[in-house]
Amino acid sequence: MSKLSIKNMNLFYDDFQALHNVNLEIPKNQITAFIGPSGCGKSTLIKSLNRMNDLIEGCKIKGDILLDEEDIYKKDFDVNVLRKKVGMVFQQPNPFPMSIYDNIAYGPRTHGIKDKKTLDALVEKSLRGAAIWEEVKNDLKKNALSLSGGQQQRICIARALAVEPEILLMDEPTSALDPISTAKIEELVTVLKENYTIVMVTHNMQQASRVSDKTAFFLNGKIVETGETRKIFTNPQQKETEDYISGRFG
Amino acid sequence: MSKLSIKNMNLFYDDFQALHNVNLEIPKNQITAFIGPSGCGKSTLIKSLNRMNDLIEGCKIKGDILLDEEDIYKKDFDVNVLRKKVGMVFQQPNPFPMSIYDNIAYGPRTHGIKDKKTLDALVEKSLRGAAIWEEVKNDLKKNALSLSGGQQQRICIARALAVEPEILLMDEPTSALDPISTAKIEELVTVLKENYTIVMVTHNMQQASRVSDKTAFFLNGKIVETGETRKIFTNPQQKETEDYISGRFG
Amino acid sequence: MASKLMRGLIYTAAALTFGSLFYIVLFILIKGIPFLTPEMFAWKYTTDNVSLMPSLITTLIVVGMTLLIATPIGVFTGFYLVEYAKKGNKAVGLIRIATDTLAAVPSIVYGLFGMLFFVTFLNFQYSVLAGVLTSTIMVLPLIIRSTEEALLSVNDSLREASFALGAGKLRTIFKVILPVAMPGILSGVILASGRVVGETAALLYTLGSSTNLPSGLFSSGRTLALHMYVLSSEGMHVNESYATGVVLILFVLIINGLSTFLSNRLTKGTK
Amino acid sequence: MKTKKLDGFMKGVFFVSALTSVLAIVLICIFIFAGGVPFMVEYGVLDFLFGQKWAPSNTPASFGILPMIMGSLAVTLGAIIVGVPIGILTSIFMAEFCPVWLHKILKPAVNLMAAIPSIVYGFFALQAIVPIMRHLVGGTGMNMLTAILLLGIMILPTIIGLSESSIRAVPRSYYTGSMALGATHERSVMKVVVPAAKSGIISSVILGIGRAIGETMAVVLIAGNQPIMPESLTLGVRTLTTNIVLEMAYASGSHREALIATAVVLFVFILIINGTFLIIKKKGAR
Amino acid sequence: ACGADSSSSGSSENAEGFDTSQTINVISREDGSGTRGAFTEITGVLVSEGDTETDNTYSGATIQNSTSGVMTTVAGDPASIGYISLGSLDDSIKAVTIEGVEATAETVQDSSYAIARPFNIAHNGELSEVAEDFWSYIMSAEGQEIVVGEGYVEAVTDAPAYEATEGMSGNISVVGSTSVTPVMEVLVEEYTALNPEVTIDITSNGSSAGMTAAMDGSADIGMASRELKDEELDVLTAEPLAIDGIAVVVNPENTIEDLTMEQVKQIFTGEVTTWDEVSK
């Protein structure tokens, strides 16, 4: 079943059309990977799934994006609620310059949770969920910025989990990380998909083939091909896909 | 014949040892590629070839680097002359915020060339050498920053060529570029090697295999394996090299 | 060769700059310290002791009140300009021009304006209120600018992270951005207090120069800088006015030290 | 929902705060202009601006402020000639030549310099520069040169502070790029980094000019204050600001209005300078 | 004549080493100052012809807007000359005698020293009870004694003794001349010692500011170091509280001891430009 469906979507930055007639179904409890060369519109699409591009001046969207059959761009849709449901992790780890605890508790507090016990429990659960509890449980007061890049990225994942989203968007979550941290995150993601629907942008073909269930290949703002990851990598239907995957460009 | 030879080199950033006992021969008029996961020391090594790491406080080097049999770290070696001989192109295109002409003429002027005719000729020759003359010949007064990323990177290559170096160091010169610009630069590099010795860091395995003659694979500050590129990619001797090339990590 | 010459020029310029600063400070200290007697700190001013205590306290009052009014207005203006205003917004252009102009207005013009508007037109008379409001307008651009800069220097990724968690703008500003921007804003505020402490021309025509401690918003007073000016102007207390100069310099030193200390402490957390 | 309302309300608060500056500048214009312009019109705008005689105590009185206009221009120009090169070079020192430990001392020193009240500068100049000047060029030692030197010093921190930060804001890649071409540190800094910081440096100079032209309390102590056309560096000079502060306390009637009209002229000056540089800056940014 | 090219030294140094060939550096007060107004009028620097008055003060004269400005300049510059309030005179400078008469309270009192002006206080309409009381204190024998003690000349001879009223309280604001301020401060101190419940604020920002403040009612009492103008007198009731001599001062190094009124005038109008010409 599709958690998100994108229908006939066109996106413009002022006059520049960054996405052309995109149609895509994002299945529940699976990992969907977006691949494609730089500038092809992967980030643009993933950002429109939680309306982060509302923040960009001059960005206009046509078409529909349905979350559980509901149009997230319809007029009185509360974007704060949307973003609570659709969490996001960015390319550069971006923890807030505050303690680990406050980082994780920020989201829940935003949504009105004040009770210390509930918060404590949520923080622990989220950190466990992001596979970093053991490393930081004795240092929750420590400033999150003092952690290593890989740890910071897991803190960001934990922070996203803490608002109990249904979907996790990840825009090249490992591109700033070393191989060992990358491996940890990949492992984590495959565990998380049991409870969350995951969309992940990656530059790394190997990563896409290692972790994702479904892959969409982008080129110049269009989706060239989508399908089961295994199929896309072993038996691409389009010439461009094959060229890209085999490293002939990009 | 080796243009550069690196002998028993160890490099420290304060207490952190970034390079361990590196030995490498860089053959004349060939392209040598450095590959390896992030943080393994590729940039560190390439920067020590023209002593750019002199600018980094706390950076200490042991061992020898010989340029045409002469130790570039010996006491009265003039680093400005060294850097004239060993040009460098960076990951992010970094043209100066001045006209295209002044960008290219900057190096020659630095080294005392004032004559307008000589400069004009040098500028044209360098821009031709970097395969961008046709695109900019009517706009030499234009600010270099107004060019596209790919053009900027070629301007930077032209700028490096203008001081008539013998060696060109390139640290991920295409990683900020789109595929088409990347292809142009790769093509250019293979032409340039007829007259220059080229060292190139790349994250992109395909790129290394496409353009380089010799490859050195780095891991954690050590060279794991070096050799003819074809051999390294088809028949690696070390388990780590194979794992890396086949995308099992990184 | 050219490099050596250039380096020589640069070092000379630096030596001149810091040499003159050192000379000025030393000069005032040497001239003033011998006259810094305990009577100068008597609670009440008399013509015998020419105590600077009332002016010291008035300075604190005026600076405190000015900051109390100017800081929120300035910081909020910064919020509006950086976090809310859309690019190319007409109001923003207008506000920018207004702040730029305010920043350039000479203090003597502020003084005349304060006199014509607050003192006479609004009939506040020579009073703490007139002085405070005049200096509020005067320091507003300092605070606005430093706030703007501080906010702009906050990485957008933090804003994104907060919005992506479903936080609204207000929460993002106060909980995430403000703490990071604090040192920058604070340094602007400190700069502003320095300006008020050192101001003479603008306060002369608004605050007046009473030697008493102000008894309310509508009573007159004098700040240390004014005290120094008035003391000297009749030629009977030139030494005491140097002594006041010493206190003034100490004041400024403490303010500066405090700002460095605070911003160091605050930046430590975020680095 | 509640947070949404609060969001909207606070946005309003922020906007109103932002309008304070606009309101302030409008009020300043209205009150200063209303105080001075009627006098200028009555006396004759041209006679006022281009009259060379300032004799308020005469009957009939003369209120020509050309000497003060020229005085302000001359002194400001002088201060720029003295202060700008030293200030910019010092900022280059601070940004590119100064070891970290020394910077930790010098940065607060510059801030201190900016914060020293003008009256203290004035006292210093009166006792330290004036006697030297008296020995060098004679007279009372209170002359244009003294004023220029003092203002040259006083605008230093303004120029240094802003220039340094704009030099530091130049992407390091320009510097590295230049070094990689074999340029020396000095050349890389002077030819690439500093030009790239041009617009910030120009802004710092504007602020410096503003400070020089608006400075009052220090100048009045040491400039001699003669209301005569500036003809020599060794003669006294009266500026627009000092004209106001000198006589405001005792002026009444049309004399007082003439002083407020002087402030109008000063204010227009500032507007022109600000405007010109805004235009230059905009062009530079394009 | 030019005030700048002064030090053509060598020719006529006298015994004490003061070079009388030096150019005279003239120091004057700003236009509008009570001191300048009185000084120019009495010395003839200000010339009245029918309806016109011309202040002929030498255009190259350095202008200082405070007594101390004049004093510091004269104290630091051997070749300069200025004039200041007699009450402010100290050893850093030297007062010359005028026509052989020394400037002292006595000579001002008996009018043998000619350069003097009144210190005035003024009010508009009815004074409050407490201000009225303070006013009467100033004009009382006690008040005038203070005036004399500060080096000025009393304005009211054989003044009545001050009769303190029990329980005076309230605020008085006194605004005006910087020259009057020092003596006013002492008066306030002594008065508030007698009437501890009274608070008096002095704002010293100039005679005209004081008169304006008194006229528009923002001050209870205004102070002026000059005669009041006609338009001020239309509204205000004024009374002198002291007479202040104006001393003509030179640097202590200067060997000049005496000047005639004519010489003073010539110096301050720039007709005479070197010390030679007056040091016969």
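Observations on the structure shown:
Order as written gives the chain letters A, B, C, D and E; numbering starts at 1 within each chain.
In this text, a contact is a pair of C-beta atoms (placed from the backbone, for glycine too) under 8 Å apart; a residue touches a chain by one contact, two chains touch by 3 or more.
Quantities reported herein were computed from a predicted structural model and do not represent experimental measurements.
Looking at subunit A and subunit E, the chains in contact with each of them are C.
Averaging Cα atoms per chain gives one point for each, and the point farthest from that of subunit A is the centre of E.
Taking each chain's centre as the mean of its C-alpha atoms, the one that lies farthest from the centre of subunit C is B.
Mean C-alpha position of subunit D lies 35 Å from that of subunit E.
Look at where the CA atoms of subunit B average out and do the same for subunit E: the two points lie 81 Å apart.
Centroids of subunit B and subunit D (each the mean of its C-alpha atoms) stand 48 Å apart. Counting partners per residue, subunit D has 3, 127, 184, 187, 245, 248 as the residues that reach two or more other chains.
Shown for subunit C are the residues in touch with two or more other chains, namely 168, 171, 204-205, 232.
Contacts with at least two other chains are made by residues 80 of subunit A.
Across the whole structure, chains are in contact as follows: A-B, A-C, B-D, C-D, C-E, D-E. For subunit A in complex with subunit B, the touching residues are 37-39, 177-179, 182-183, 204-206, 247-250.
Contact residues of subunit D toward subunit C in the complex are 3-4, 6-7, 10-11, 13-15, 17-22, 24-25, 27-28, 31-32, 35, 85-90, 92-94, 97-98, 106, 108-121, 123-124, 127-128, 153, 156, 160, 184-187, 190, 206-207, 210, 213-217, 241, 244-245, 248, 260, 263, 266-267, 270-271, 273-274, 278. Those residues of subunit D lying in contact with subunit B across their complex are 171, 173-174, 176-184, 187, 191-192, 195-196. Contact residues of subunit C toward subunit A in the complex are 86-87, 155, 157-168, 171, 175-176, 179-180, 269-271.
Listed in rising order, the residues of subunit E touching subunit D in the complex are 2-7, 23, 25, 27, 30-34, 36-37, 40, 46, 51-55, 59-65, 69, 72-73, 76-77, 79-80, 178, 205-209, 211-212, 229, 231-232.
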